[in-house]
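You will see chain A twice below: alongside chain B first, and alongside chain C after that.
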Partner chain A sequence: MSRQRIPLITELPLVVWLVLVWGALWQDFGVGNLAFGAILAYVVVNFFYLPPVELTGRFNVLWLIPFLGRFFLKLVTASAEVFWLALTRGSRLRNAVVAVTLRSHSDFLVTATGHAISLIPGSLVLEVDRSTSTLYLHCLNVASADDAAAIRRDVRATEAWLIRIMGSRDDLAALRAEGVRR
Partner chain B sequence: MATDVVVAVLMIGGALMSLAAGIGLARFPDLLSRMHAATKPQVLGLLLFLLALAVENGTWLLVPVLVLCWVFQLLTSPVSAHMVGRAGYRTRHLRRDLLTLDELDDVVARAAAGEAEAHESPQPDPAAGTPAIGGPVPVDPAVVDPAAPRAPGGTGRRARRDRA
Partner chain C sequence: MLTVLIAMFALALVAPVLFSRLGRSAFFVLAAAPAAAFVWLLVELPGVLAADQAAPNGAPGAPPSLVIPWIPSLQLELAFRLDALAAVLCILILGVGALVLFYCARYFKNDDPDVGAFGAQLLAFAAAMFGLVLADDLILMFIFWELTTILSYLLIGYSRHRLSARRSALQALIITTFGGLAMLVGLVMLGQEAGTYRLSEILADADALAARGTLVDVAIALVLVGAVTKSALVPFHFWLPAAMAAPTPVSAYLHAAAMVKAGVFLVARFAPGFSETAFWHPVIFVLGMATMLLGGWRALRQFDLKLVLAYGTVSQLGFLTMVVGLGGRDGAVAGLGLLLAHGFFKATLFLVVGIIDHQAGTRDLRVLSGVGATSPVLFAVALVAAGSMGGVPPLLGFVAKESVFEAFAHRAEDGAAGTLLLGGIVVGSVLTFAYSARFVWGAFALKHGGPRTAFPRVRTSFLLAPAVLAVASVVFGVWPGPLDALVQPYAALFASDDAAPHLALWHGFGLPLLLSGVTLAAGGALYLLRRPFEQFQERLPSMREAEVVYRSVIGVLDDVAVWITGRTQRGSLAFYLFVILATAVVTPLTALIIFDAPLPTSFRIAQSPAQVVVVGAIIVGIIAALRSNKRFMAVLMVGITGYGMAAVFALHGAPDLALTQMLVETIVLVAFVLALRSLPARLWNRAESRHRLLRAVLGIAFGGIMAVIAMSAMASRNAAPISLAYPQMAYDDGGGANAVNVLLVDIRAWDTFGEITVLALAATGIASLIFIRGRSDHRRRADGVEDGSVDRGQELLDARGRSGAALALAARFADVPRDPWLVAGRTLAPERRSIVFEVVTRLIFHTMIVLSIYLLVAGHNLPGGGFAGGLTAGIALAIRYLAGGRFELAEASPVSAGALLGAGLAIVSLTAAAPLLLGGAVLESYILEFWLPVFGDVKFVTSTIFDIGVYIIVVGLVLDVLRSLGSEIDERSEADDPVEEDAGADALVPPATEGVRP
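== the complex of A and B ==
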C-alpha cells in the first residue's frame, strides 16, 4: 500500500487502452461491454501493483503521424536490406556493437527509443545503461567508423521524434535549444 | 477479384519475409547476426499476413483484433530479442572477430573488475590485471554503483571510439 497515488489524468491513457483491448478481444464495442471493461480496467490499474508507468503528460498526435510514416518506410527498406545481406553477404558479414548516448533520462523514452530501434531490422539493443541513458546496439553490416556515426545520428533522430511526440517539457526544451545552437 | 490479387500480393510478401528469416538463419555467421534474421522479418511479415487477413475477411470488426495482435508483437518481440542478445553477449556466444567495433566490451570488463574487487579483500590481485601500487586501488565509483552518475562516455569507451 506504499505505492504513491497517481493522478487519474496520467492514469487515464492506460485505462482507455485497457478498455480498447477489452472491446477488441470481445469484438464488441457496444456501450454495455465497454462500460464493464472500464470497471475492470479501473480495478486492474488500481489493484495490481506493477511499477507505475510514468507517462509524461503530453502527447502530440501531429508528430505521431509522420513518425509512423518514417517508421514504416524504415521497416520496409531495412527488411529488404537484411534480406539482401542474407542473400549476398552471408557469412562475410561485419557487425559492430555501437554505444549511443541518448538525451532523455526518462525511463519511458529510453524504452520507447530502444523498442523503435529494435523493431527496425539490422539493429538490436544488447544492453542499456540506465544511469547515463546509453543504449548499446548490435548492428548488422557496419564496416567503418562512418557507419557507426550514421547509426548514432539515426538513433538520436529517432529519439528526437519520440521526444516531440511524448517527451517531457524539459526534454522538448533541451531539444529545441539544441536545434537553435546548431 | 481485385481483393484476391491484393491478398495474394500481401501473403507472398509475408512469405518472402519468412524466407528471408530462414536464409538469414542459415547463412549468417553468429548468434547475434542470426537474431536479426530470426526476429526482425516477423514484424513486417506478420503485418503483411494480418493485412491479408483483414482484406480477405472484409469486416471492420476483425480489424481491432488484428491491430492488437500486431501491437502485442511489437511490444514483446524487442524484449525477447534483447534478452537473448544480452545473454548471448554476456556468455560470449558471439564471434568478436566479426565485430568492427565493440564499445560495450570495455564497459563490461570494467564492471566485472569492479565487482571482483568488491567481493575480494581490499588487497589488489596482480593476476586480475590491476597494477599493484600498494594499498587498495581506487575504484571508479560509477562502476561499482550503477546508480552513481558517470561522466558521459567513459574514458575507455571514448579512447576506443577514437581509435576506430
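== the complex of A and C ==
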C-alpha cells in the first residue's frame, strides 16, 4: 500500500479543525495567530501522514443541539441510576452482553454511536463486528429479553440521531424509508 | 613548541586514514613528523644550550618557554619550557622516534590487522613523550605521563587476540598507574608547599623547599615511586620483560629509548635541588643497585634474545637511575651521557632483534646459527651496539661508562658506602659485558651441531634505522664533543665549586681506565664460563619472584571483589531496596537528631476540603496496590497515587507541575503495561510474614522520615527564600511570564542541560539493554508487510477449543475491505485490532500534536513548556502504537529515536554555546522583538530554541521506550514459540477487548 496524495479539499476539514484548535488554545482568533496556526496545521498534517478521512459532506447543526440535550439528560439520569443500583443491589445485579446491529456501515458512525453509548454510565462497548456493524455491549441490570430489546431500541435511536446529524445521504434515505414503513 | 606538539597529535589522529590509503608506507609519512620536529629541535638547540638554565620563564637569557593559562582557579597552565635537559631527551624521543617509525614501514606487513591504529598510537606516544619532557607545570606533566601510560597499554596489547599480550599490557598499566597516582599525590604536595605548580619556579626555589623538612621529603619520595615504577626498578621490574609481548619496534622505542626513560627523566629533573632530601639517596641507590645486579644476573640465563635485552634494559635502568640520581656535576654529565648512549645502543639492538625475528622466524639463541656470516652488515651493526653496551672503546658506551666510573670513584673517596657503590657498579658492568657478548654470540655465531638458520637478505630500508643508530654510537664515541656540549648546561644547574668533568674518549691513566679494563677482562671471562655459570644459576634455590607476589596480590584482590560483590549485588531487588531505604531512613534521622533540627510548632491538616478528598484517594490507591495480587492491578493502583499527586499540585496552584506530573504518569503507565507483558501476571513471590512485617516497618519509617524532613526543612528556614525574586527575574531578564518554565530554560538552564543529557543517556541505555544488536535505528515501513501478520498468537489460544472459535470470530469481525483509518492498522493480527480505537486515533492524533506544539510555544508565558509538550507528543505516538502496532509506530515516527535524541542534544548544546560567539555567557538568552506583516509584533526569546531541544529529546525518549518495551518485545515474542509456560495472558491488554471507557 503506497501513500496516496491527499487532495487539499479532503484535507481541508482537518486543517480547519486544527486551526480552530490552535486559536482556541491561544484564546486568540486574530488573523496573525490563525495564519500561523494554518501554516503549522498544514505542516503537521503533511509531516505525520495518515490516510484521508472521507467525511459525508453533511453536518446538520439543527439536529445536533437537541441531540446534545438528550445526551446530557441520559447522562445525568443514568448516573443517578447506576449510583442507586450500586447502593441498593450491589453485586446481586444481573448484567448481560447485548448485541445491537446498526444500520450504518460507516466506521465513523459506528465509532460515534459506540462512544455515545459508552459515555453513558451503565453500558460499555466490548467488541465491534466490523463486517455487520454489530456492537456488543455490556449493560447493567438486564433481567429479561424485554430489557435487552429496550437497550437495542435505545442504541438504534442514538444511531438515528447521529445519522441525521452527520450520516451519509444513503444512510439518511434508509432511515427515512424505515420511518415511512413503520 | 606548541605547534610542533599539536601537529604531531593531529597527524596521529588522521593516521588511520593515511594507512587505509597508503598501506604500511604510511609509516614513512608518520616518521616525517618526528623527523621534522627533530630538525626544529636542531635549529633551536644553540639558543637552548646558550641559555641560563636556571633563569625564570621570560627573563632575558632564559630557555624558550610558553605559558597559556588553562584553568586559572586551579593554577593549571599549559606551560612548556625547552631547557637543556628537555632537549637531551627530545633528541632521543624525536630522533629515535623517527627512525623507529621508519623501520615500522618494513617491519609490518600490509595486511597486518589494525596497523593504522597502531601507527596512530605510536606517533601519539612520541607526541606525549615530547609533551612530557617539555611540560613546565606539574599537573600538565602528570597528564602527559598518564597519556604515555595509556598509550603504552594499547601498544603492548597490540596482539589483542593473545592472552599473554593482554595480560602483560594490563600488568604494565596497573603498575605504572599505581606509581603515577603516588606521583600525583607527591606532585600536589610539592605544588601546595611551594605555592606554585610551575616546575621551573619550584626548582629555582628548591633549596628553600628542601630545607622545610618531612613534608617535602615525603613528596619527593612519592614522586620517586612514580619514577621507580615507570623505569621498572626493583620491586616493579617484572612488567618490563613481560611487556616484550609488544611488537619489537614498540620495545625498541618504549622500552629502550622513550617511556622507561621517563622515570630517569623525572629523577634528572628533580636531582638538581632535591637530591639531598632524606629519602632520595636511599631509594635511588638501594633500588638502583638491586635492579642493576638482578637484571644482569637474569639476562645471563635467558634464551630469547628479546628477553636478554629486556633484562639488560632493566639492569641498565637501575644503573642510569643511580648515576642520574647521584647529584653533583660529575653525576649529571655521566648520567646524561649514559642516557644518550643507552638510547642509541639499546634501540639498535632491539631493532636488530626485530629484523632477526622477521627474517628467521625465531629469537631463540639456541636455534639461531650462522646469521653473522649470512648477513655481515647486520652483524656489524649489532656488534657495534653490543660493544657500546659492554663499554668497549672507542664507542659511546665506553665514553659514558668512563665518566660514570670517575664520578663514583670520586664518591668512593668519601667513605665505605661510596666504595660499596663503586664495587657494585663494576660488578654490574661485568655482568653487562658478559650478556652483551652472549647476545652477539647467540644471535650470530655458527653453533656446533645445528643447521644454519635460513636467513633471507635484509632490505636496505629495513636495516637503515639500526645502522644510523650504530653509526651514532661510533661517531659520538670517537668525537664526544657535541654530546659534551649538550650535557654541560644541565650540569651547570648543580651548585658546586668543582668544575664539571667532560665526556671524552681519553681521560688519561687513572682509576676509571683501570676499572674499564677490569670490566672487560672479567666480563670476557664470565662470557667464556657461561655454561658453568648457567649451571651454577640453576643450582641456586630459586627466589620468590616479584611477579609471583604481584599475581597473588591481584588474585587476592579479585577474590575479595568477588566476595563483596556476591554479598552485596546478589540480584534480589527487595534486598537492594531494603539497603537503599534503610540508609535513607538512618542517615537523615541521625542528622536530625545530632543537629537538633527544629520542628514546626503549629500544624494545619489541609488548606481545602478538596485536598482531603484527593489524599484520601491516594491512600485508597496505596492500600489497593499493596493488597493486589496481580501486577497489572498493582500498577494501576500506583498510577492512582501518581494522578493524585498531580491533583495535589494543581490544588496548590502549581499548574506546570500538575500538568507534567500527569503526563509523566500516563507515559509511565504505558511503559509499565508494555513491560509487564513479559512478566507473569500474578505476584507469586509473596514475602514470608516475618519479612512482611519488616518491610512494612521500613516503608512506614521511610514515609515518616520524609515527612519529618519536609517539616523540619520548613521550620528551619531563617532567611527569605531565593525564589521570591524568580518571577521578577523571569519576566525582566528571561522575557517570560511563566516563572517555572523560564527557570528551567533560562535561570537554571545548566540544571536542565545536565538532566536532559542524563535523559538521553538513560534512553540510550534502555535501548542498548533491549536491542542487543545495536540501536537498530533504520526505518521500517509497513509497505510489504502482510495483512494481519503482526502480533499474532500472543493470546495462547488453543486452536481447537472455545478460544479457537473466538479467534476465528475475531478474524471475521475485523476482516472488512474498507477504507483504512491508520497506515499500518491492517498489518495487525485481526484479534488485536479495534476499529473504534483506530478511528479515534485517526481523529485525535494531529490535534494532540498541535496541542503539544502549543504547550511548547506557550510554555514561556503560560503553563506548558518543552517537557510537557514533548510528553504530549509522546503520548500521541503511544496511542498510534497501541492502536496500530509496531509498524504503525514506525510510520508515525519519520525520524528515528536516536536521531531525535542526538538532534535534541545538539540543539540544546548549540543554543548553550552560541552566545559565546556573540560575546555573551554560556546559555545567555536574548529577547528579539520585531514586526512582521500579518503577524504583527512578535516577541521571540532565544531560550525557546533551548526548549525545542528539550521537546525533541523527550519525544525521542518516549519513542525509544515504545520501541524497546513495545515493538522489540512484540517481535521477540512473535519469534519465540507462542505457547510459553508462565506468560500470563491476562497481563496483556489487547486493544481489541478494551473498547472505549468513559
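The rule is simple: the second predicted complex is superposed on the first by the 171 of 182 C-alpha atoms of A that agree within 3 Å, B and C clash if a C-alpha of one lies under 4 Å from a C-alpha of the other, contacts with A are read in each partner's own complex, and residues count from 1 in each chain.
Following the convention adopted for this analysis, contacts are C-beta pairs under 8 Å (C-beta built on N, C-alpha and C of every residue); 3 or more make two chains touch, one makes a residue touch a chain.
No experiment lies behind these values; they were computed from the predicted model shown.
When the two complexes are overlaid on their common chain A, residue A:R153 makes contact with neither chain B nor chain C.
Contacts of A:V76 after superposition: chain B is touched, whereas chain C is not reached.
Once the two complexes are laid over each other on the shared chain, residue contacts for A:W22 go to chain C alone; chain B is not touched.
In the superposition on chain A, contact of A:H115 is made with both chain B and chain C.
Legend: residue contacts after superposition of the two complexes on their common chain; A:A35 is shown touching chain C, with no touch to chain B.
In the superposition on chain A, contact is made by A:L124 with both chain B and chain C.
Where the contact sets of chain A with chain B and with chain C meet, they give residues 21, 25, 114-115, 118-121, 124-127, 129-131.
Contact residues on chain B toward chain A in their complex (touch as defined above): 16-17, 20, 23-24, 27-29, 32-33, 35-37, 39-41, 43-44, 61-62, 64-65, 67-68, 74-75, 77-78, 81-82, 85-86, 89, 98-105, 107-108, 142, 146-150, 152-153, 157, 161, 164.
Note for the complex: chain A touches chain B at residues 20-21, 23-25, 27, 29, 75-76, 78-79, 82-83, 85-87, 90-91, 93-99, 101, 114-115, 118-127, 129-132, 136, 138, 140, 142-145, 148. Across the interface of their complex, chain A is touched by residues 782-783, 812-816, 818-823, 826, 834-836, 838-840, 842-843, 845-847, 849-851, 853-854, 858, 891-892, 894, 932, 934-936, 992-993, 995-998 of chain C. Taken together, the chain A residues at the contact with chain C in this complex read 1-3, 14, 17-18, 21-22, 25-26, 30-32, 35-37, 40-41, 44-45, 47-51, 53-54, 107-108, 110-111, 114-115, 118-121, 124-131.
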